[in-house]
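One structure below.
Letters A, B, C and D name the chains as they come in the text, with residue numbers starting at 1 for each one.
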């Protein structure tokens, strides 16, 4: 490994000696071997976890997930004329008449703009290859993913989380491109610093994910380079990739660079309002972050309910 | 409320002044009001959470969930002649040709003997009523549950967890009826005590849930009474209700008494092997337990990935 | 058997010697034995089929089914804010990258007001019993139906069909209660007669099924008695049971009497506009009707695409 | 159009003036325009349907579909260790307690080797293009098919069907390559002739579709050329493409030539045993064939229950 990845306090983007897929883009391909499935989760060391554990004092917990109201598959004699699209559809069934037990089956769209979910590394290939360079066709079939899947997260992710609130009490301007400067300004304002292995949580004040008629702010490639330099193990933010993209050459820096080249898992569309309020109330912006999806292997993504523990 | 519920250190089963559904059975019906949906989760106070938080020192995390390997909905031209029943079925889909992104849809049987899942209080009525006494027909419809559902857990449950390992390094005898005496013996052996609001985690060494041809050990009504006296907020154990039941008059003390009368959420079929090993290694049997299912409201149950944090 | 059922030209409602579930209601319970699963389909004799076959001259075919546009389970990055409720949800998947084959999975709500479907006899019990008197609890479980299911239709239903158009070129008045008199008036106007074993097809001009804000016309108990006397083997109509019901004592004569007592399969929410136009054009209102659902056993109902062959 | 396609009685394979996708392969690309979605169904003229109608005398009907036993999504407390793969999975639900109505939801794998289903033309592209030459990427998305889908069949297919029984009372040898000679020998033996627009039904005696350990006989490219010369509008056979393929250069003549180049819909894995018995009993091998899938648009395929009417 090069110094670059150990020296996480440096803001200089020095190249690694392992050739990235595209010369100008940050990449961890090859850094942890050709069979690696953890990507930046490799940065979560015992030391990092202990740093997170030190933040747990009262056991207060805040969920970073949006609420999902499932849509019924079966409804009454008058089916609704329309329904809000839900990531979860529910069918209830019963045993006995009268009922002895009630159970249900749910169908979950694992990547959905109204569901807080984690993207597995197989979700987006780059030039036909999944991180760290394995052909998609050998990673995924209609029968599931055999590489870069949710298997990597299934036992849970626990690390220190750091919230950077870019617009305390308000929201970023429409179309704003979030840069390293924004992130560092928040660090300074809050008196916190993202260290190697920490999960980065970015609040923009744009809740609810992308919308057809709102020019969402978004993470720039500059900010992704910063995450790489700092050693973020995981990214989540209520603004992710901008909609529409800022840079035609790289419209989705998170999904097209951080995920497939850095191997950085992304938690899409969190709800960070309560977290920001609690951090402000407590005057501290670091916490122990737990991400414990249902322990299902082989998926391309899965809903999660990340908890910030104080 | 009566002294009984405050005095969680007493082992005497004194009756409450609120009539339980069945005179001889422990019940919290009415204890927290007629609209209550939290049940024994009401016992998790700030003090309890702080007691749990004090157990977090290194950030080491252990998952209590079984691994789920999803079954493919679509497979190759030769569909398999048979497949193991899985609680999760997966359909993968793609955008673009060549593929630009891969996503999937999963169908989840929320109550499944091969899936670690939490039972919501609406799951089992007693005499037609759901905890704390609301008719099932006003609590649940094919369009979902409006009372006693997973909404109560959706923001996450965080409390102190206590593992009682009833058979360290081995397994209980087939058909063993787990009693208060077994639980107290484990407390004494381990030097730990289940306090009011703690989550009770019971290891029997019977992994993988009920099996057609194994006479599973199980929790007796006596043990449920003990949980009530002690103030357990939550139960999980690799042996739950015995199969077949021990007592014809009450074959399923957890699902037919603890859930619908005490209002105690149950986490069915956990895998406690790694947890037991880590507790033995560290010499401590208490930890901070987080239960953070996908934040989905209105279900009768949902897969969970409980984490024990040390 | 009593004369009543053989003498299908009689309009007198003479009772059978087998006690019906409710004395005043028409019933076939017991008529074809206690294990019968065919109900009024027993009336389709070779002679009836030959009568239908005689109507086939040109091979012209008209579908009586509504078009179903499936809703996608997975859609683009911007999920629609809402979607019309569809009885069918579709997930497409592919093999290969580039794609070698495209396949899909669909989830079908078998009873849906926007889907032309056939109700199996198990669909509605009466006083806890399914036609011809078997307890629902021994007929159906969460694992499927073992009595009165779509198994009875799975190899296809073929008989003569007769369209009675109650409002040629227009529609019945809102809330109209369709009686025997209406049906006989149409017979006379059209010069056709429903004989024993024929499928009855009734057009009201109310297409698209029940609507929340429209007081649908509907079949009266008087009309169901007429169907029984005449020996209809099957009923379909663009107005079925009235919404709201006309008679508080029997608000759903088709679903609560014809189905569970007569054992008459119902095809809900057909689209009869093209059929009515073709019948008028040809000047004949009888045809060979084929009902060939996917050959799936054990369902409570299933979408069908009935064809009228001329 | 060239004479070739009108002169369906000629066995000479004269080329059309419209360039096929691959020079040596039969093709209808361009024959009915660039937006055509019917393919060989265009050959079903009024005259063809009348020829089929003339076969209907008694109304006797035979289903060509396999029986599908659905698998339950939810089963008892002891989930089965394994289950036969079924193309249909069923979830039953109820209203009321006690039950007032029972309904179900089914999930259908539209292309499944244990389900008699029709392949829409979009199912298999050739060199990235769907019949009659439209890029797959403009024909299909995760949200469904907009070209070459089941929309083409949704109102029903009705034409004359001709059964050619290649092995009356027995079965073809393993691995047998079915050629034009086999088909013509059956015609001669049976005294029937496949005319333009007829549906071709081929019995090999291999029921139940491809099996991992059986070297299935199959249709050769020579037979596909014969279908093209004769003007078959539709193909179904209990042996389809051979498994394993006979000709490495063209292992799947039906799915890789007939479907994407001729635009010929295929009905996979029928059960032809009863049909063959009835034809032999009646001494006639032509009938009116109806194919009336649920009237669902936009699918890549759908289960069907073809009926032969005599």
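In this section, contacts are C-beta pairs under 8 Å (C-beta built on N, C-alpha and C of every residue); 3 or more make two chains touch, one makes a residue touch a chain.
Small disclaimer: the values here were computed from a predicted structure and weren't measured.
Enquirer: Listed by label, which chains are in contact with chain B and with chain D?
Expert: A, C
Enquirer: With chain centres set to the mean of the C-alpha atoms, which chain is at the far end from chain A?
Expert: C
Enquirer: More than half overlap in residue numbers between the two sides of the chain C-chain D interface, or less? Answer same or different.
Expert: Same-residue interface.
Enquirer: With chain centres defined as C-alpha means, what is the inter-centre distance between chain C and chain D in Å?
Expert: So the centre of chain C lies 28 Å away from the centre of chain D.
Enquirer: Centre to centre, by mean C-alpha position, how many angstrom separate chain A and chain D?
Expert: Distance between chain centres: 46 Å.
Enquirer: Identify all positions of chain B at which a residue touches two or more other chains, and write them in rising order.
Expert: Residue numbers touching two or more other chains: 73-75, 91-94, 97-99, 103, 105, 107, 109, 111, 128, 136, 141-142.
Enquirer: Hey, how would you classify the chain contact layout here, line, ring, star, complete or other?
Expert: Chain contacts: complete, every pair touches.
Enquirer: Hey, which residues of chain A end up touching chain C in the complex?
Expert: 73-75, 77-85, 89, 93-97, 103, 107, 109, 111-114, 128, 136-137, 141-142, 210-212, 243
Enquirer: Which residues, counting only chain C, touch chain D once they are in their complex?
Expert: 46, 48-53, 56-61, 63, 65-70, 72, 74-76, 88, 90-92, 98-111, 115-116, 122-125, 128, 136, 140-145, 154-156, 158-159, 255, 288, 290, 292-307, 309
Enquirer: Going by the contact rule set out above, which residues of chain B touch chain C in the complex?
Expert: Residues in contact with chain C: 73-74, 91-94, 97-99, 103, 105.
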